[in-house]
Amino acid sequence: MGFGNGIMRIGRVELRVLDLEKSASYYKNVIGLEEVGRSQGRVYLKAWDEYDHHSLILKQADYAGLEHFAFKVKNEAVLNELEKKIEQFGCDTSRISYGTRMAEGQAVRFVLPTGHNVELYYEIERIGTKTGTLNPHPWPLDTRGIAPHRLDHVLLTGDDLKTVTRFFMEVLGFQQSEKITTVDGEELVGSFLFTTNKAHDLAFIKGPDSKLHHVAFYVESVHDVFRAADILTMNNVPTEVTPTRHGITRGQTVYFFDPSGNRNEAFASGYITYEDFPTITWTEDKIGQGIFYHRRELVESFGKALT
Amino acid sequence: MGFGNGIMRIGRVELRVLDLEKSASYYKNVIGLEEVGRSQGRVYLKAWDEYDHHSLILKQADYAGLEHFAFKVKNEAVLNELEKKIEQFGCDTSRISYGTRMAEGQAVRFVLPTGHNVELYYEIERIGTKTGTLNPHPWPLDTRGIAPHRLDHVLLTGDDLKTVTRFFMEVLGFQQSEKITTVDGEELVGSFLFTTNKAHDLAFIKGPDSKLHHVAFYVESVHDVFRAADILTMNNVPTEVTPTRHGITRGQTVYFFDPSGNRNEAFASGYITYEDFPTITWTEDKIGQGIFYHRRELVESFGKALT
Amino acid sequence: MGFGNGIMRIGRVELRVLDLEKSASYYKNVIGLEEVGRSQGRVYLKAWDEYDHHSLILKQADYAGLEHFAFKVKNEAVLNELEKKIEQFGCDTSRISYGTRMAEGQAVRFVLPTGHNVELYYEIERIGTKTGTLNPHPWPLDTRGIAPHRLDHVLLTGDDLKTVTRFFMEVLGFQQSEKITTVDGEELVGSFLFTTNKAHDLAFIKGPDSKLHHVAFYVESVHDVFRAADILTMNNVPTEVTPTRHGITRGQTVYFFDPSGNRNEAFASGYITYEDFPTITWTEDKIGQGIFYHRRELVESFGKALT
Amino acid sequence: MGFGNGIMRIGRVELRVLDLEKSASYYKNVIGLEEVGRSQGRVYLKAWDEYDHHSLILKQADYAGLEHFAFKVKNEAVLNELEKKIEQFGCDTSRISYGTRMAEGQAVRFVLPTGHNVELYYEIERIGTKTGTLNPHPWPLDTRGIAPHRLDHVLLTGDDLKTVTRFFMEVLGFQQSEKITTVDGEELVGSFLFTTNKAHDLAFIKGPDSKLHHVAFYVESVHDVFRAADILTMNNVPTEVTPTRHGITRGQTVYFFDPSGNRNEAFASGYITYEDFPTITWTEDKIGQGIFYHRRELVESFGKALT
């Protein structure tokens, strides 16, 4: 059944935010997501080009960070099979029941070796994109802000990147598109993983467990990355890294922070991967160029501002 | 990824050309592929961002057209399994033995219900991209011409689109991203199929069996489509459709002809698909807008110039 | 700048339209101009990046076309001096008095050898751009439609291009950036004129006197030309020439029609000119490539649809 | 005779470089200028889209910096007239005779109140662009590196910006497009001047006299700025400011250093100016946003690395 083991995509991210209204306003007006519902102290949002009910959940909390993220799988059989495999790997799993969150069905929940909460699910209400499926226009006129196409990926920090990489590859069928190693090749300090034909769907860099580095939204081109950066300044959004290219993934990027300090990215392009894609290696002495291709060195906050 | 029953991508296209030297020169200097070898009246070429030995084979012939195209599958087990399924569907298959063509291993060959020759294979020499896999730069400085990243898709014509669509979906695990139907919805006149997360890997439009409509190469953005069109004029290449957007796939495009009259496309962008992507429907009254979003009507040659 | 004998720019165009409300709605919602006032059967509009009160006037009429266009000059002394020169050339002039049209001062009016009505003026109310002059943002968030920066140029038809070119060069201090001649070089069939550092501020092609070929609005890049073309299809605006490049001026372009049939252009880029710019020559056998660089031949309507 | 007083453009810059061969190689292979000649320890270069013999002169020296820069004026009468005006302002002038430098005619030389050497000239050999003036293609295929269209502007530092601004406006007919003042509006700390329809042809920021801040070359779009930044990394060129937008001029930019430490810029876009352009004011509290619109603060080196 192959590559990805039935996992289709990263389908949702739940972020803890310090001020729900302010955060909802930011994700709607600056990022340009649509609010699709509210319930139990949570705001649900989606990007205009996504079919599912939501891809981002904001949850009021006392500290910022990643509450959970989740992969949408093909069907119930895949869910059950992966549940077993996860347990066999040694992770505890639990079932999230229907209706725990808005418009969602049941899910399997587990904790990564890096401490992050992950869910797998296959049921979610479908409400469609803004352009529809009958003779559609290519994009909608009535969007606000950056208006990304979709949630793209998350980057997390953790201590044992070797084990978490092995987990994703052996249990969930991911592959590694790129890795950053110490110069002697001994230690893994960055790991980029894909389960679609994207350059990455998920990545880890060495750091404290359970932390979020950033959540990325997809825009189409370098032009749109620049436009995003303009919009960030117009809205006084703290911008950490101005428009540049990643050496890793080749994507174009701008990094900034939501009102709670969760790092966001507007990400464009990136190469295509396939199941026979060879892992690209970056040695730590070139990590600056790997992450910020033009600057060729890390920004100090980049490794420190985690939520 | 992976929902394609172990099929990874469209890996190669073999085109019949009327003048091998002239054609090789065109594909090297205008398209910007690299020649990687010659053997038995054939020239083998690859794009700079492909890992496999070749993705395009030019074969000297008395009439232009598509000799065969082929999908790379995951491994031998997939090859054997798909061979059986193809036979069960009622297509005859044959084995192409090792070394029949340069740098290739064995393949399973069969004929589509539309008369096109297709192969499946998993073995091909790997020679890598121009940028490598160790601390790579994002693109190479020493390219010529349009310099696409890769072979992207083919569009074929055929009479019975319903059957060939069913073949790809049932036997090879493809899904349909878009379809064009008569206004009453009765007849299928266009079918766009994917086995990766691309908007299409292969498509059919109603027309004579066994014919090629076009072979597409991938460029990154509308800027690159425009640059491609400039290069075509500088090289006096017959250009059929100047830069525009497709309604179908949303991609940006320019169409032109190789020296033998085989239609080429430089194609950019296009949305992402997943296994739960709903089929988008275009009704024939909107086919002009579906194919050429800005012009909103077909070009006369578009349905006629086939090889 | 300044070689134009004190002429600063093409400052306004007055178009005759068949349905004032429909036209106003089109220029506001599709082109994306701002309505700044109405008076005596006229609607006044400006682009977001222009400082003067208006650059486009729509006038209700029984037939479409160009009522007049006008150049803004430096000051009254220039106005008086050019008035004399125009009369010396043999054109009759008249004075348009203060307040004849909204927010305008006096003007000198005359008729070109090609029959078009032209005015010179130096007084017009200044209302500023949407971004202001104190710590401005680079562009405003609240625009609609194509949202060009400004009126860019007009292209007119006429019989005696030699004389009208001489008029602009000798009397008004323009220079010729490009010309199209018959292959033998004997006859002038296209003349492109500038009085700023732009590739053209005004152009003539051989055709009936007194007619308008098109009015062009400036957008920044090929990306914006493509976006404009998308917006035209979303609004069902008749589009004559889909995104392409001009050989002449090198600019990127899309041509379309307002509700009265007046041709509009969204035009981007183009080279810079100076007073020592040599005239580029296009021979008529290459006119297709000169006008539509990618298609390399004229569109039939291009020489016929005039207002 | 009006605006610009007969000055057409900034026509050349002479830079002092520490290693002539290394510098020539950099300006040819990374910037992508053409070497057009050598003489007396100098290398002469031009951009592909310039008509004059050269726009950049490299001169071997013991310390880096700006040897002189020069404006091309309309004709000898303008040269003579401006010479008088310069003297009346109180600057000493001298004549540079024919053939002092390669392919140049005579020039008037003077020293700015800020200590910089400036020349005015009207004679220089014309060798044409790479695309020619007969049915030209829009750009040449055979360029290397960044391949800018042309020299665009210089930014200089000086102590008395008020006087040097007055000099350019009163004597040379420039206008001020933008200024940076202290928050109370009392002191001028940045002054941006134009004599064409560009957003600036020359600018000053507060700092030591006689120093060069940067020399800018023009590229067409944000896409080309990004491409330039990629090329800089491929060539290990020290890059100070990665792709971003200026608030001032709205242009897109990347800053980097030549092998001698002279700062270069690849600059794109920027608004159009006319003689009635109102001066835009930036208050010093917003200077970060004015200069680096996305970062919103100055880079430390930006005010310090001067040559």
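Order of writing sets the labels: A, B, C and D. Residues in every chain begin at 1.
Going forward, contacts are C-beta pairs under 8 Å (C-beta built on N, C-alpha and C of every residue); 3 or more make two chains touch, one makes a residue touch a chain.
On a predicted model such as this, the values are computed, not experimentally measured, just so you know.
Undergrad: What's the call on subunit C versus subunit D, same or different interface residues, using the half cut on shared numbers?
TA: Mostly the same residues form this interface, as more than half of the numbers used are common to both chains.
Undergrad: Taking CA centroids for every chain, report which one is farthest away from subunit A.
TA: Farthest by centroid: C.
Undergrad: Compute the distance, rounded to whole Å, between the mean C-alpha positions of subunit A and subunit C.
TA: One centre to the other, that is 48 Å.
Undergrad: Could you please state the distance in Å, as a whole number, between where the Cα atoms of subunit A are centred and where those of subunit B are centred?
TA: Going by mean C-alpha positions, subunit A sits 31 Å from subunit B.
Undergrad: Report, in whole Å, the distance between the mean C-alpha point of subunit B and the mean C-alpha point of subunit C.
TA: Chain centres of subunit B and subunit C, defined by C-alpha means, are spaced 44 Å apart.
Undergrad: Please output the residue numbers of subunit B that touch at least 2 other chains, ranges allowed.
TA: 137-139, 221-223, 230, 233, 245, 289, 293
Undergrad: Would you tell me which residues of subunit B are touching subunit A in their complex?
TA: 1-3, 5-6, 8-9, 49, 51, 72, 74, 78, 126, 128, 133-139, 149-150, 196-198, 218, 220-223, 245, 247, 250, 269, 271-272, 274-283, 286, 289-290, 293
Undergrad: Help me check something: in the complex, which residues belonging to subunit B touch subunit D?
TA: Subunit B residues touching subunit D: 137-139, 141, 221, 223, 230-231, 233-234.
Undergrad: For subunit D, which residues count as touching subunit A in their complex?
TA: Of all residues in subunit D, those touching subunit A are 222-223, 226, 229-230, 232-233, 239, 242-245, 252, 254, 289, 292-296.
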